[in-house]
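You will see subunit A twice below: alongside subunit B first, and alongside subunit C after that.
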Partner chain A sequence: MEGLRAYRLIGAMWIRSTMAYRASFAMTTFANFAVTALDFVAILLMFSRIDALGGWPLPEVAFLYGLSSVAFGLADLAIGSMERLGQRVRDGTLDTLLVRPAPVLAQVAADRFALRRLGRITQGSLVLGYALTAVDIHWTPLRLLLMPVAVLSGAAIFCAVFVAGAAFQFVAQDASEVQNAFTYGGATLLQYPPTVFGRELVRGVTFLLPLAFVTWIPAAYVLGRPIPLGLPSWVAFAPPLVAGACCALAGLAWRAGLRSYRSTGS
Partner chain B sequence: MGSGRLYVAVAAGGFRRYATYRAATAAGVFTNTVFGLILVYTYLALWDEKPHLGGYDQAQAVTYVWLGQAIFAALAIGGSGVESELMERIRTGDIAIDLYRPADLQLWWMAADLGRTLFQLLGRGVIPFAFGALLFKVALPHDPATWAAFIVSLLLATVVSFGIRYLVALLTFWFMDGTGMTHMTMLAGFFCSGMMLPLNVFPGTLGDVVRDLPWSSLLQKPADLLLGAADPWGTFAFQGAWAVALLAAGRLVQSVATRRVVVQGG
Partner chain C sequence: MDDHVTEQVTEDVTEDVTEEVTGNRTDHHTDHFIELDRVEKVFDVRKKTGFMKRERREVRAVDSISFTVARGEMVGYIGPNGAGKSTTIKMLTGILTPSGGRLRVAGIDPSRERTRLAHRIGVVFGQRTTLWWDLPLIDSYRLMHRMYRIPEARYRENLDRCVELLELGDLLDVPVRQLSLGQRMRGDIAAALLHDPEVLYLDEPTIGLDVISKAKVRGFLRELNAERGTTVLLTTHDLQDIEQLCSRVMVIDHGRLMYDGPLTGLHEVGESERTLVVDLERELPPIEMAPARVVRVEGPRQWLAFPAAESAAALVARVAAEYPLVDLSVREPDIEAVIARMYAGEASGAAGQAVS
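This part shows the complex of A and B:
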């Protein structure tokens, strides 16, 4: 609770500081929106030449894309700045955070809180909105319920990836780019249908690094498609459990990482 | 003669400087390999749907992906070459020291960037490319003349890439803050170089326009040469023309900028 309060205060401070330069804020938010929009333009260009990718038509791929972007965007907005932890370890500024009377995790997460990341969420929501109108989904109460559950659980799973990645940076300070493979790489992977990828890869992101629970599994249930890997359909409701387990593991990794921290002393 | 040695020394310094960060290099290799895997599966599905899309067969499309991952960092397609340091020096005023040196500003930075490119090509490019070539069916030329032409084309691509980024970096003399421009350059680099989707897949007028922009020199042109889909002399002429035009523009902007430079505080 104390952590949440610290997070809120630091976050609010960064918002105030961003708002001091409104033009720059507007530009970077637009850039954030445009970068992710181009992602989708690439998919649209693909579909200008084909009717279906891996058996999925454009509106259904857009559904995956929107779900993945919104979930990842929420995580990125909340704690995306954690990818800069290696920098703080290297230049020794992490020490400042350690002596403050607030949890380090909350401080690092709220550090440089960037409201411009709303750009990605906005873009993802627009695509998801398009998908919801373009796909003829047979809505049931369960399917309707699954939508917000999937988005929030997905965001929590990506948050866990960010925290675990930050914990890894205590050990390998310069190697911060590794986590891009899982964060940005994961978000990209989930934008495409599981049928596109090799069975081993799908297994890996289901059982090892459970990113499949962000989009592929809930989306298959909502769209009435077979669940990947022939899993039973109740698995579609597992995302909250998976997210909880991921966050717990990431929390342990964070503690281990923080305990192994040695200051550079500078 | 003496000044030639100077620029070789600067280039060697650029090479050594990037070679120092081994963990970062390993992290980059890992990330490029993961992104390569994701893209390869997507492209395979795309070419499965539409064989001979853009004149490539599946093996050529796969080769294209791994080539893109191999030269992504070296050609700084998404930015992050020496230009970020140059921007910082302009912003802080350290550029005054550079202007004081008995060396040409543009050549100095180009030499440093060439050194960086060479290191990142070897350090970050070779492993992902070899990984892709071993695991997937690729289309590589057998005749040494094509490889030689490809290497010339890569060298020209390096100069074009530097030309673009140098020009953008010089704009810091007017804008002071480079964040927005860095974002825009990254955007253009990703989209217009063919990193997101090969430019020969782009439909209609958009395709015609994007294939004539300087960014197509970075990935699309060398790739077409390597894949035997383009004539070497035409490619060299295209890349050479853009290289000369961009360097000349850089020189012009540089002379205007240095005439009006006011070094901030200190």
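This part shows the complex of A and C:
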């Protein structure tokens, strides 16, 4: 695949260049770890006052938090740079990507590939690890299988959100904050139990922007809780399908965005 | 995430393309490397005129332009700001899709097969770099090497040649953002040539450069064209670029091709004048020396306008022989003025329309 190859080449170059300054890399990675950890500290502080949030005790909320952080972290690591697309459209540097023999999506996604984003993933993994030891889960083969499936599908869903957001920036070049609302905002939303949110919001996040498939639905299944909105339990295995559909739609949106750029310029 | 990266590959072929003039494929001339037939580009400009109110206006950035460029030609593309130069270059590289007409570069429709064409063209944007801003110059070159799949030996040879001719040796390990404008421009030109493109587009390659950098860039381009036969198409504001490099010049204004022919012809059509500024030893009455005429006197300094086609050397010699000359300089005709004059005289027939 020409796109993957270009992505790998550009990504590798950025890794080499950050590794030239190891101390700086270590520090920024730690900073990424620490800053994202503050989110969890906020949750811990909350639980110093309460015993359960929307009926979910701390270890279960930690489970949601870890799942959301790792899935979002993976997407952010892979294509987090896409939020800068509007900037590239504004200052015209997107043109330079269009004259290279590689798909623009791959070039934009790999731009400034930063391993320091592993900080968020590490932090999320630690919290998830704590949750897995603290919650008494009745493990079945299906539940075990669902864990990696949920993480990967969740990452793919977030990737789709990143790509769709970037596509939107072709039209509205200063929309990167709007995109952040969906990516970072979405990731934070998913760290809290669905029961603390209004039914309408949960519906929206399930059927419109299907972020619920990243954590709420698979987590409910693994933890043996009722699936939100009274959905049947087989829905817990839908995340790969949902992720595939999201990616396909995001791909179409991207294509439309790029086409509108190429016929209007900037 | 792999899914939607792969999604991308079909993007070029499914591109929805504007109405195409289907010509007879058999009469396709191979020596016409670049072909434009009534190419247009219309932009929809939306202007906010109030809350939620927008006014739509059509802007014809390129209005029915036709020309051909043969392999190995070196063509200058000039015109005032906003004339449509950059838009044309963007269509030639496939960045923009034409709104109408037929466009071919090396037999390829640029907007349809952008990535395939990319292997055969080199592009230098004067105002922005194609290099990776935060990384050392050599890293950008290494990436080009792999991305364009340039064979090792060719890459070595091309890099060595560019490094030598463009004097990049000491700059290879410097991050691009630390380079001066002139250094960066040379770095950009090298990057555009590593994959042996058949045509090199340069959009304002000398803009903002000092005299020495300009000379280096021009010298290199001249040699590239002469020795490797690379077709070169450059847009510029600077008539000197054209004078020193191009045998052929195209003038565009308001999206229309106003002139296509040799530079001397442009001066004739535009009746342009150069200016000789002389500093005399003392204040003297206006110099009389046909065909030059004094247009301004300020103390010992006088401004003489003379036809651009006329030799400055003969005039200078005569002035020096008859007047106490302290210093002098020659000013080139202002391109905007030439074009303005041409625009005014457009009705009297496009005398210089020399279609090659």
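Here, the second predicted complex is superposed on the first by the 261 of 266 C-alpha atoms of A that agree within 3 Å, B and C clash if a C-alpha of one lies under 4 Å from a C-alpha of the other, contacts with A are read in each partner's own complex, and residues count from 1 in each chain.
Please note the rule applied: contacts are C-beta pairs under 8 Å (C-beta built on N, C-alpha and C of every residue); 3 or more make two chains touch, one makes a residue touch a chain.
Quick caveat: nothing in here was measured; it's all calculated off a predicted structure.
Student: When the two structures are overlaid on chain A, which partner does A:D174 contact: first (subunit B), second (subunit C), both, or neither?
Tutor: The answer is first: A:D174 touches subunit B but not subunit C.
Student: For A:A52, using the defined touch cut-off, is the partner it touches subunit B, subunit C, both, or neither? Pick first, second, both or neither.
Tutor: Touch partner of A:A52: subunit B, not subunit C.
Student: Taking the superposition on A as described, I'd like to know which of subunit B and subunit C A:G198 touches: first, second, both or neither.
Tutor: After superposing on A, A:G198 lies in contact with subunit B but is clear of subunit C.
Student: For A:R100, using the defined touch cut-off, is the partner it touches subunit B, subunit C, both, or neither? Pick first, second, both or neither.
Tutor: A:R100 contacts subunit C only, not subunit B.
Student: Mind working out whether A:L126 is in touch with subunit B, subunit C, both or neither, as first, second, both or neither?
Tutor: Touch partners of A:L126: none, neither subunit B nor subunit C.
Student: For the overlaid complexes, name the partner, subunit B or subunit C, with more touching residues on subunit A.
Tutor: Tallying touched residues of subunit A, the top partner is C.
Student: So in the superposed three-chain picture, is A:G185 touching just subunit B, just subunit C, both, or none of them (first/second/both/neither)?
Tutor: first
Student: Taking the superposition as given, does A:A245 touch the first partner, subunit B, the second, subunit C, both, or neither?
Tutor: Neither partner.
Student: In the complex, go through subunit A and note every residue touching subunit C.
Tutor: 1-4, 6-7, 9-10, 13-14, 16-17, 75, 78-79, 91-93, 95-96, 98-106, 109, 155-156, 159-160, 163, 244, 247-248, 250-251, 254-255, 258-259, 262-265
Student: For subunit B, which residues count as touching subunit A in their complex?
Tutor: Residues in contact with subunit A: 21-24, 26-28, 30-31, 34-35, 37-38, 41-42, 44-46, 49-50, 53, 177, 179-180, 183-184, 186-187, 190-191, 196-197, 201-203.
Student: For a test of understanding, state which residues of subunit A touch subunit B in their complex under the given definition.
Tutor: Touch residues, subunit A against subunit B: 24, 27-28, 31-32, 34-35, 38-39, 41-42, 45-46, 48-54, 172-178, 180-181, 185, 188-189, 192, 195-198, 201.
Student: Which subunit C residues qualify as touching subunit A in the complex?
Tutor: Those residues of subunit C that touch subunit A are 1-9, 11, 14-16, 43-44, 87, 90, 93-97, 99, 111, 114-116, 118-119, 121, 123, 125, 127-130, 132, 134-136, 139, 142-143, 146-148.
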